[in-house]
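Below you'll find a set of structures to go through.
Paired with subunit B in one complex and with subunit C in the other, subunit A is shared by the two complexes that follow.
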Partner chain A sequence: MTAVRYTKNILIYVCLIILAVIFAGPFIAMFLVAFQANPVTSARDIFNLNFTLSNFIRVFNESRLARWFLNSVITTGVVTVFGTFFSSLSAYVMAKKDFPGKELIFWLFLAVLMFPAHAWIIPMFIQMSRMGLVNTYWPFFLSGTSSAFGIFLLRQYIEQNVVSDILEAARIDGCGEFRTYFHIVLPTIIPGLITLAIFLFIQWWGQFMFALIMTTSGDMYTLPVGVALIRGVAQSNLRFVMATTAVAVLPSIVVFIFFQNYLMRGVVMQLD
Partner chain B sequence: MRKASRVLVLTLIAAVLLSNVAFAKTKIVQWSFPMLENEMEVLWKPFIEKFNEIYPDIEVEVEILPWAGRDERMLTAVVSGNPPDVVYLNEFFLQTFASRGALEPLNAYISEEVLLSRFPETLLSTGKVGDNYYLAPMLTGVLGNVYHREVLEKAGWDINNLPETWDEFLEFAAHIKKWADENGEQVWPIAYSASMETTLNMSWFPILWQAGGDIVTEDGKKAAFNSPEGIAAMQFVKTLADNGYIPESLITSGRGDDYFLDGRVAMIFGVDAAGIAGMRERDPEFDSYAVVGPILKGKERVTYTTLGAWAIFKNANNAEAAAKWIEFLTSPEINVEYNKKTGYMSPIIGAPKLFADDPLLGVLEEQVIYGRGGMTISQERRVMDVLKRAQQAIILGEASIEDALRSAEQEVNFILR
Partner chain C sequence: MTKGKRLEWSICYLFLLPNIILYLLVRLIPFGSTIFLSFTDWQLIGAPNFIGLQNFIDMLQYPVFWKAFNNTLMFAVYTVPLSIIFGLLMAVLVNRDLPGMKFFRSLYFLPYVTSVVFVAVIWRWLFATDTGLINVLLERAGIAAIPWLSSPKWALFSLAIVAVWQNVSFNMLVFLAGLQGIGKDVYEAATIDGATGVQSFIYMTVPLLKPTMTVAAIMTTINSFQVFDLGYVMTQGGPLDSTYTLVYYLYDFGFRYMEMGHASAVAVVLFLMIFSLSILQRVLLRER
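Our next item is the complex of A and B:
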């Protein structure tokens, strides 16, 4: 029996290792090429590493990568923080308040998730353009800080984790709506907020089409647009492209590594 | 006294306001797509400075957008009524925008005589819809075949006797394959990419044209590839694949550059100047073994020529200023400088050979005479996707040539209806 279990475990681990290599392989190759001093013309050149930082230095010196990085940090940072906060407010109302049409409004929120970006990007651009907000951070802030997905996710979380009796008790003790929210609801849903924040971060850090449509000035590009720009012009210089891409994906990888438990929890919450 | 000072102040204000109006610059915005690293400094700033010496009252702002997502970006701008004044377009975008009435006819601002004196009529007419010219050609790039000298030497094929026709190429391919098989070499005769990512302009379309066929009818309303010529062109590709002349992985993904740089193919099909520049950058020794061979001939000797051009969008802030900028960019001096820096060929009549000293690009430049543009219909990409799938199905043996082309014809006719 033990032998069977061992064999089973070994097989499972072998499968997991193979899967890990398949999924992590492209990332490892990317970093190896980014740190490679010699030209990379074939797969074997990737592993024959002659370490250098010059590709990164060149990327920062010859492109506006630092500026694009800053733009990504600002847009993603604001969207992550405020998107999470505003979603939690709406989700709290949707989960714990009763008012006419609540379900309809919630389903309308969900309906927004069904629309592909291509369906709303042009009206959104027209709106932003008429308000004179193209080539500013505002389209990101206005669009990103209201998240239908966030409301859906946190509503589930609040329904499961915030006990209505405690809210009732707080009200009896004289807490107003905002005080109840800040002192009782918010501390209870912190894991849910972190999960949503990670989702929003990953979504907006890699957001290409929206950023492409809303910006035309090189100074306002975010990293995904900047990386696409560099790929277009330097696609034959693999080391240069990979160094750029490595800088762009590194924050997402770090977030994933440190917060993967919260991500898993988020997936489970959606299934619930 | 008080009244006099008031009049003086008012006069001064009026003078300042009027001078602002009088000296206000007309601003035009151009969208282009990256051709060079550090392009703004190398290319556009010097051009704008020169332009402003002639037109100091026109301010030009060049915005360089990524190639990725350019269709969506341009369409959004057009649909929202907020496009740039000047835009870089390839010929296959012509119908997309001209059919929507989104482009200004160039001949309304630049006389037809000037246009015809600058560009060959065949090239200029690629950008013509009805009686109007919409595209001012800026660059051309022809697609050639590059052979690997070292592979040919090892295989015992004379580099000075490169194939000129399909039949000669099949002989060549058989020779290389036989040598590779007998010597246990992992070498294939040709790198031909049939992957879904590779544009057919750089793969099957030149072969179809060489067979004497075409993709769609002249009026662009029906498929034309399901013809004896189309079948012959597909048969040629299938023969290459069935005989193992093409590395199997290239049927479904990737391009052939890696195979060529590794010396694992004798020839790479469909390489333009940018492709050569890319491989040169990857391997500094590239020129020592790369040789540009003849354009192959089936019934005809023909290859694909890309056309990059400038156009003016309908809602341009100042179409006249935009036209002056385009006229400046397509002037022989500026155009030649642009193409020299970007590595493309000049479409200007009588332009000096830019790459006469270059053993590879020089040959490609001579082959421009065999070039022809791709489809200019607005459904170009959709039609191409249908044919990419058909080509893959045929090569992988999932459908016969006749069935695949018949089915693709129905689909394309539906798209073009």
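Our next item is the complex of A and C:
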């Protein structure tokens, strides 16, 4: 019996390691090229690594990578912070309050949740270019800080974790709505807020088509647009492409390492 | 009605205000405009002329629309079943308490957190016919090079492989949550009754997870219908339009040819395809 179990476990680990190669392999290959000192013309060249950081120094000096990085940090940062905050405001009211028109607003949020981006992207581009906001951060701020997904995620979290009796007690003690929200509701739902913030970060750090349409000047590209449009000499130099991509991927990996439990919980919450 | 009640309501509306204003401005009004524009011949200059259903009629007569439509469907046909099957198998594999399991689970989840564009740039090189890592490894194993992205026969399937690689990452977690809801006692009972691992997988796990599988399949289909980034970065829609999809068609007409009316008509078609799936998903989620 134990021998059978032993063999079975070995088989399981073999599968796990093969899968690890499939899922982490592409990222490892990316780093191997990015750190390679010799020119890489073919994958044959990556097996003898001659370690260097110079590719990273060169892409920062010779391309607009630093600028793209900054653009991504600003757009993603604002969207993440304000998107989480605005969603929590709506979510709290939708979970705990009754008022005329609530039903209508619920259906509004649900409809928006199910709109694919293509349903509004063309007129939004026209609107933004008429207002002179193409090639600014405003399209990102306006589009990203309203997250229907976030409202539903947090509404559910508030329903499950904020006890109505406490809100009622606070009200009887003369605690105003704003104080109740900031001192009782927000501290209680911090894990939910972190989960939503990570989803918004992932979504907007990687946002491509929207950013491609709303930015036409190289100085306003976000990382996905910059990376996708590397052309010409740089594209033929694989080391620079991979160094640029590695810089773009790294923040996601860091966020993932620190917050993966929140993220995994969020995936599960979407199904309830 | 008391004054206090009215004050409370106003505060509710105040809390909702940021979202409602933003939704009107960047979702509902643009959505209405998309539908309006789809009945016009607007090309960004001058006033839009109402042309009825002409955009839709034109679209149905363009071979390139049908090419994009078929490619989009085929992409979903390649992607969805594989994403579900591998996601489920991996969930079963990692759903056990062995040392290091948490590490492996996290590792498999990595592709999901990475942007499609970055992933596409990496895979564009892995798939390169003469110099890419995959063909170099195949060569060492004595297998002839495969024209992953350079042959119209392979290109769409190659993009689907990358999509599956990313979807599986997410679906594994979805199924893992489903498996952990089933409970160990059911399996123990089956083992006592003499069921083998494979038997309990086919006769218990699969039927019990069927609702989860349906929802995951719909979510994956919705994503597949919107594929754009992979084709844009890896193949530019080629070779011979073999990776040209509906969103790519919308992008070209809207943002390269400035045919806003025609692009809006495609947007309406895409919207109907995706919205009906979303409604189906809502209904199924509620039934559970």
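The rule is simple: the second predicted complex is superposed on the first by the 248 of 272 C-alpha atoms of A that agree within 3 Å, B and C clash if a C-alpha of one lies under 4 Å from a C-alpha of the other, contacts with A are read in each partner's own complex, and residues count from 1 in each chain.
Here, a residue touches a chain if its C-beta (ideal position, glycine included) is under 8 Å from a C-beta of that chain, and two chains touch if they have at least 3 such contacts.
On a predicted model such as this, the values are computed, not experimentally measured, just so you know.
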{"item": "Room on subunit A for both subunit B and subunit C (clash or fit)", "value": "clash"}
{"item": "Which superposed partner A:W120 touches (first subunit B, second subunit C, both, neither)", "value": "second"}
{"item": "First (subunit B), second (subunit C), both or neither touched by A:E168", "value": "neither"}
{"item": "First, second, both or neither for A:S217, with subunit B first and subunit C second", "value": "first"}
{"item": "Which superposed partner A:E62 touches (first subunit B, second subunit C, both, neither)", "value": "first"}
{"item": "Subunit B versus subunit C as contact partner of A:N237, first or second or both or neither", "value": "first"}
{"item": "Contacts of A:S90 with subunit B and subunit C, given as first, second, both or neither", "value": "second"}
{"item": "Touching partner for A:V268 - first (subunit B), second (subunit C), both, neither", "value": "second"}
{"item": "First (subunit B), second (subunit C), both or neither touched by A:P39", "value": "first"}
{"item": "Residues of subunit A touched, compared between subunit B and subunit C (which is higher)", "value": "C"}
{"item": "When the two complexes are fitted on chain A, the stretch of subunit B hitting subunit C, from 23-31, 59-67, 77-85 or 149-157", "value": "77-85"}
{"item": "Contact residues common to both interfaces of subunit A (with subunit B and with subunit C)", "value": "41-42, 118, 121-122, 125-126, 208-209, 213, 228, 238"}
{"item": "Residue ranges of subunit A in contact with subunit C within the complex", "value": "9, 12-13, 15-16, 19-20, 22-24, 26-27, 29-30, 33, 41-44, 46, 86-87, 89-90, 92-93, 97, 99-100, 105, 108-110, 112-127, 142-143, 145-146, 148, 151, 177-178, 181, 202, 205-209, 213, 223-224, 227-228, 230, 238, 241-242, 245, 248-249, 252-253, 255-256, 260, 263-264, 267-268, 271"}
{"item": "Interfacial residue positions of subunit B with respect to subunit A in the complex", "value": "31, 33-40, 63-69, 72-73, 76, 79-82, 84, 258, 261-262, 277-279, 281-284"}
{"item": "Contacting residues of subunit C [partner subunit A, same complex]", "value": "8-9, 11-13, 15-16, 18-20, 22-23, 25-31, 33-34, 37, 44, 90, 93-94, 96, 98, 100-101, 104, 106-111, 113-123, 125-126, 128, 130-133, 135-137, 165, 169-170, 173-174, 177, 212, 215, 222, 226, 228-229, 232-233, 247, 250-251, 254-255, 260, 263-264, 266-267, 270-271, 274-275, 278-279, 282, 285"}
{"item": "Subunit B-touching residues of subunit A, taken from the complex the two chains share", "value": "39-42, 62, 118, 121-122, 125-126, 129, 134, 208-209, 212-213, 216-218, 225, 228-229, 231-238"}
